[in-house]
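In order of appearance the chains are A, B, C, D, E and F, and numbering begins at 1 in each one.
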Amino acid sequence: MELAETLGILQRNLFSPLTLAFVLGMIATLVKSDIEFPEQAYKFIAFYLMFAIGLNGGVELAGTTFQTFAWPALVTIFLAILLPTACYFILRTVFRFDVANAAGVAALYGSVSSVTFAAGIGVVETANIGYEGFIPTLAALAEWGIIVALFWGRLGLKTPNDAIGKVVQETLTGRSVILLMGGLLIGAIIGEKGFERIAVVFSQGPEGLFRGVLVLFLIEMGMVAARQLREFARVGPRMLAFGTAMPVVMGVLGATLGALSGLSLGGAFILAAIAGSASYIDAPAAVRATFPQANPSIYLTSSLGITLPFNLLIGLPVLYAYTQWLCYSVVGCAVLPAGG
Amino acid sequence: METTTISLVTIIAEGVLRERLLEDLKRLGARGWTIGEVHGHGIRGISEYFWAGSQVRIETLVSPAVGEKILAHLQEHYFTDYSVTAFVHDVRVVRPERYV
Amino acid sequence: MELAETLGILQRNLFSPLTLAFVLGMIATLVKSDIEFPEQAYKFIAFYLMFAIGLNGGVELAGTTFQTFAWPALVTIFLAILLPTACYFILRTVFRFDVANAAGVAALYGSVSSVTFAAGIGVVETANIGYEGFIPTLAALAEWGIIVALFWGRLGLKTPNDAIGKVVQETLTGRSVILLMGGLLIGAIIGEKGFERIAVVFSQGPEGLFRGVLVLFLIEMGMVAARQLREFARVGPRMLAFGTAMPVVMGVLGATLGALSGLSLGGAFILAAIAGSASYIDAPAAVRATFPQANPSIYLTSSLGITLPFNLLIGLPVLYAYTQWLCYSVVGCAVLPAGG
Amino acid sequence: METTTISLVTIIAEGVLRERLLEDLKRLGARGWTIGEVHGHGIRGISEYFWAGSQVRIETLVSPAVGEKILAHLQEHYFTDYSVTAFVHDVRVVRPERYV
Amino acid sequence: MELAETLGILQRNLFSPLTLAFVLGMIATLVKSDIEFPEQAYKFIAFYLMFAIGLNGGVELAGTTFQTFAWPALVTIFLAILLPTACYFILRTVFRFDVANAAGVAALYGSVSSVTFAAGIGVVETANIGYEGFIPTLAALAEWGIIVALFWGRLGLKTPNDAIGKVVQETLTGRSVILLMGGLLIGAIIGEKGFERIAVVFSQGPEGLFRGVLVLFLIEMGMVAARQLREFARVGPRMLAFGTAMPVVMGVLGATLGALSGLSLGGAFILAAIAGSASYIDAPAAVRATFPQANPSIYLTSSLGITLPFNLLIGLPVLYAYTQWLCYSVVGCAVLPAGG
Amino acid sequence: METTTISLVTIIAEGVLRERLLEDLKRLGARGWTIGEVHGHGIRGISEYFWAGSQVRIETLVSPAVGEKILAHLQEHYFTDYSVTAFVHDVRVVRPERYV
């Protein structure tokens, strides 16, 4: 794979309606427009996107054997332990962060951003290839990174880890997990035939609302990210380095392990998007409740103001190019047909 | 109209504290509360970061003694780390037995 | 019709995305997930569903003669008088409820639940048959049951019935009535041709959003129902019996009278769903305003916590099996083609 | 700043009472009001049942005499059957002639 | 073009789902129904409509030359100066309004109502013809009328015009302008091919949500307009005359100049709708902030209670008939194919 | 619990004034505020016209002196032309240094 091809992917991504919508949102905030995306519409769309992703996955699940699923699942659990742990210790030793702030940032980077995950699916759809139906399960497993990061933080602060039960329960029943897994199960039960009658609403293909709704959602995410971007000065160049390097490193790891575990090109790339993304709602809320002394201006600004735009504009296409190269030149993974 | 003077405690806090604070209030002797959603700005500025959720404004009518206990509790457990503002003043109610 | 067939219908219903979505919502609440369906999205979808039902009915109205409509309408008015009256006197005599509580429960069971009504339409769509275009009118007429129940309550309490004018006005102009009838009229005026251009949004067939949106809505309804379910202990086994037996009895009555009045299989079944359902928004609000002394934990928990889940999981398929048996083996009613 | 002390009556009530209470307030002499949406919990627990709608929190600035009349009216017509909480306290305003 | 044909257009417009939805909303308010359209749903749909209009325009932009765009743009700027100026001086001299009230009304009538604009697009779609892709740009330019009206008001009040910079900035970055122009740019970049995959959500044709969503939106607008209608008594017959004559005069001007500038039938008619419409959100907010002494019961009731219903029920079809006559009998403008 | 008495100023205003009022408050010495959305009715009735937006209810804890300054400022710049209601009363807080 040559540079020209990578640039081609970058360019195609930049000119996709998803990326352009995100940029429009950023510009709207930067020019101080009074444009406003209603909060409840945001929440409803987030609800819809996660459920739709689960549902689409479930429908494709037919025929999945335990073998094809077991390795990717193990790999994802491994990442959910490795990534927050690595973040935590890098921040503690290289960045000399205190325990609470290191654990806070690790919780965000060690778990999943729904938007980046959904945008990753959008990239795969744009490329007109498919991915494994069980991918939503991997996203749900990856959420466990939050628990690992909070565990390190509590250990470091020598606070009793008894309250960790509550965090475990909250992570297991968190909204994304319930919607992804619930959608997956429903999709698996109703199958292609049951799905046909609700495909207009839920399908990720050109016949369904998914992609268009994601475009609207990304306008709002652009506005949110740009608001955090303004805080950038307070965070400084070190977090800029962290917030742009980490997603690439984690994403490359995700793609590589994913491809080696037998995932297809599409699946390995989406695992890269999962691994490379940083949470900006669920993990921050958990961190705020657990380590109130950690500074939200550090963890939220990095995740929302730096890593989110970086991933949408540069990270995802770069990871896609990497996964493509890996799959074609090294591992030889499968390429699934779109919507299949 | 015969009225009795009791305390109204108003607490403004980050949304994530909602359930925890309500449990605390119950334990400290409050028998009811009213909650609204608000946004705000203070010296700490936490609420600006939490773009995806609002703050809560909790009002609870309590006896002066319970009011003191609530303030002391907030002071001990929240004021240092969390964005919490609280104030108290006297109000007159009919049927004080419902609240104290 | 054999038991096997009834079980087949039950099973097909249980595995439809509508039922599964409702169950997902219940589970989400029972495991205390923080999943949240924005209130305004709920209200907007309720608005959309009623208007879309009216519109679809209106488009099918072409060719309806006064004769085909008159008998079903009369039968529905009869049910709107009979059902709340029967409920009221059963609760007064058998259950020994006081006047206010008896009238309160009667108002809910004697009127219509929009969700059960919409789910009934979903069942018909799943079965791939059609129903009469004027069905939304019957749902609007059935709302009059509220007035009848409040009338009995006021009579029992010897409160002057002068304020009943306000209740009548509010029932006639209630949101469901306006949207159903407004949609119906618009549908009738624009006809098939005008509808084609807005079918993606409003159609109940596979080309429209209706069914998928109903799936999302039912997740929320499952969450609401499960929250009320928790109150179950306060209501006790007597209301459990009432809340599960009444919908079947009322539904069977609805189906039977419907079929006898000339309705098709689909139409008779939807009338059964209308008759067998218990209101959980409009009637409770009217009861609260009229009989504040009635205990909402009785009427709301029965309607929302018991009857709604019962109907969606068991009641509707049982009523569908009954209506099918009735139509095929006894009355010989028509079977309309889907979307016609 | 020259200010005058008048009464602020705050009423927290079930949503279904909204229109009725506003008509009552008008009749009793209130010349304005401010309404917010809140949720709450009390000894009766009605608001937990009315999942599809919120409670209202009504504030009205009135003369002390009208304030008393409002409390008496609530006592007579609402406190027994409905979930209504009310309290009153003094506040200072500029331009009292707008409110009393 | 004969009277019969005009009546035909009027009638076809009255029986379109868009108009009927508006009338349904008005009736719902007039019979005091408790029907409620959630505020955030309203805002989200307004957001969607403007963005979708921009996007559809952008996709059609391919092949537009500077020449075909320059004249219509100039004509629109001319209208944005002329219309508020004319309104202001008519109100000052004929109606003897004071400065603030004259400037306030001029700001509303001199700028654009998104709903009327969207409804104008709906009329064109109903007529099954197309319009120029750059039309959203004209709507954005027409918003500048606000600034002109505020300028006259400040001049009349001798208040320093220094704060006008803020108004200019706010108009340039107002939500409609950002969404229309942002959508246009994105549409132009992604082109037909990129649009195909999100067409279900955004297309104005029968395969997209646009028209159906507009129907829902118009129900709400009918309710809002009817609430203002109640204020009518306070405004009096003079404003009734103004509110019904002005849109026709301004619209005829818009159609004429539009057709002369080279616009197609569809384009000239939409420019008529833009010119003939009166703003009811953005301009009122600007007027309230700039001339608080102006009486909102005058400017809002005229715009929302009189001109909006007049335009939707009578103004638009009359203007369409005029534009058709003009195009066929006088100017000989092009007729573009639908969706092209 | 040791508490200090400070002033709570409550301002109810048209939504369009939101940003302007917050800037004013900052300039006059308020160090924080809490904002809720409300609807209302008064002698002027502006809020009924502005159907597309709600009013804001701003609360700010300030020193008595700043409270007076805020009232005077509202009086001078807003009361004549805009729909603005304001009132002030004393409340007790812990940690007064956060607010004054």
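Observations on the structure shown:
Keep this in mind: contacts are C-beta pairs under 8 Å (C-beta built on N, C-alpha and C of every residue); 3 or more make two chains touch, one makes a residue touch a chain.
Owing to the predicted nature of the structure, the values given are computational and were not obtained by experimental measurement.
For the pair chain B and chain E, chains touching both partners: A, F. Within the contact network of the assembly, the step distance from chain B to chain C comes to 2. Set against one another, C-E and A-B show the most C-beta pairs in contact at C-E. Each chain's centre was taken as the mean of its CA atoms, and the one lying most distant from chain A is D.
Summarising the inter-chain layout, the chain whose CA centre lies farthest from the centre of chain B is E. Distance between chain E and chain F, defined via averaged C-alpha coordinates, is recorded as 37 Å.
Distance between chain A and chain E, defined via averaged C-alpha coordinates, is recorded as 41 Å. Residues of chain F in contact with two or more other chains: 36, 89. Residue positions of chain E with contacts to 2 or more other chains are 38-41, 200, 209. Contacting chain pairs (ordered by label): A-B, A-C, A-E, B-D, B-F, C-D, C-E, D-F, E-F.
For chain D in complex with chain C, the residues that touch the partner chain are 14, 16-17, 20, 46, 49-53, 81-82.
The part of chain C that touches chain D in the complex is made up of residues 42, 224, 227-228, 280-281, 284-285, 288-289, 292-293, 296-297, 300, 304.
Listed in rising order, the residues of chain F touching chain B in the complex are 1, 3, 6, 8, 22, 31-36, 61, 89-95, 98. Taken together, the chain C residues at the contact with chain E in this complex read 38-41, 43-44, 47-48, 51, 169-170, 173-175, 178-179, 182, 185-186, 189-190, 194-202, 209. Of all residues in chain F, only 10, 12, 36-43, 55, 57, 68, 71-72, 74-75, 79, 85-89 touch chain D in the complex they form.
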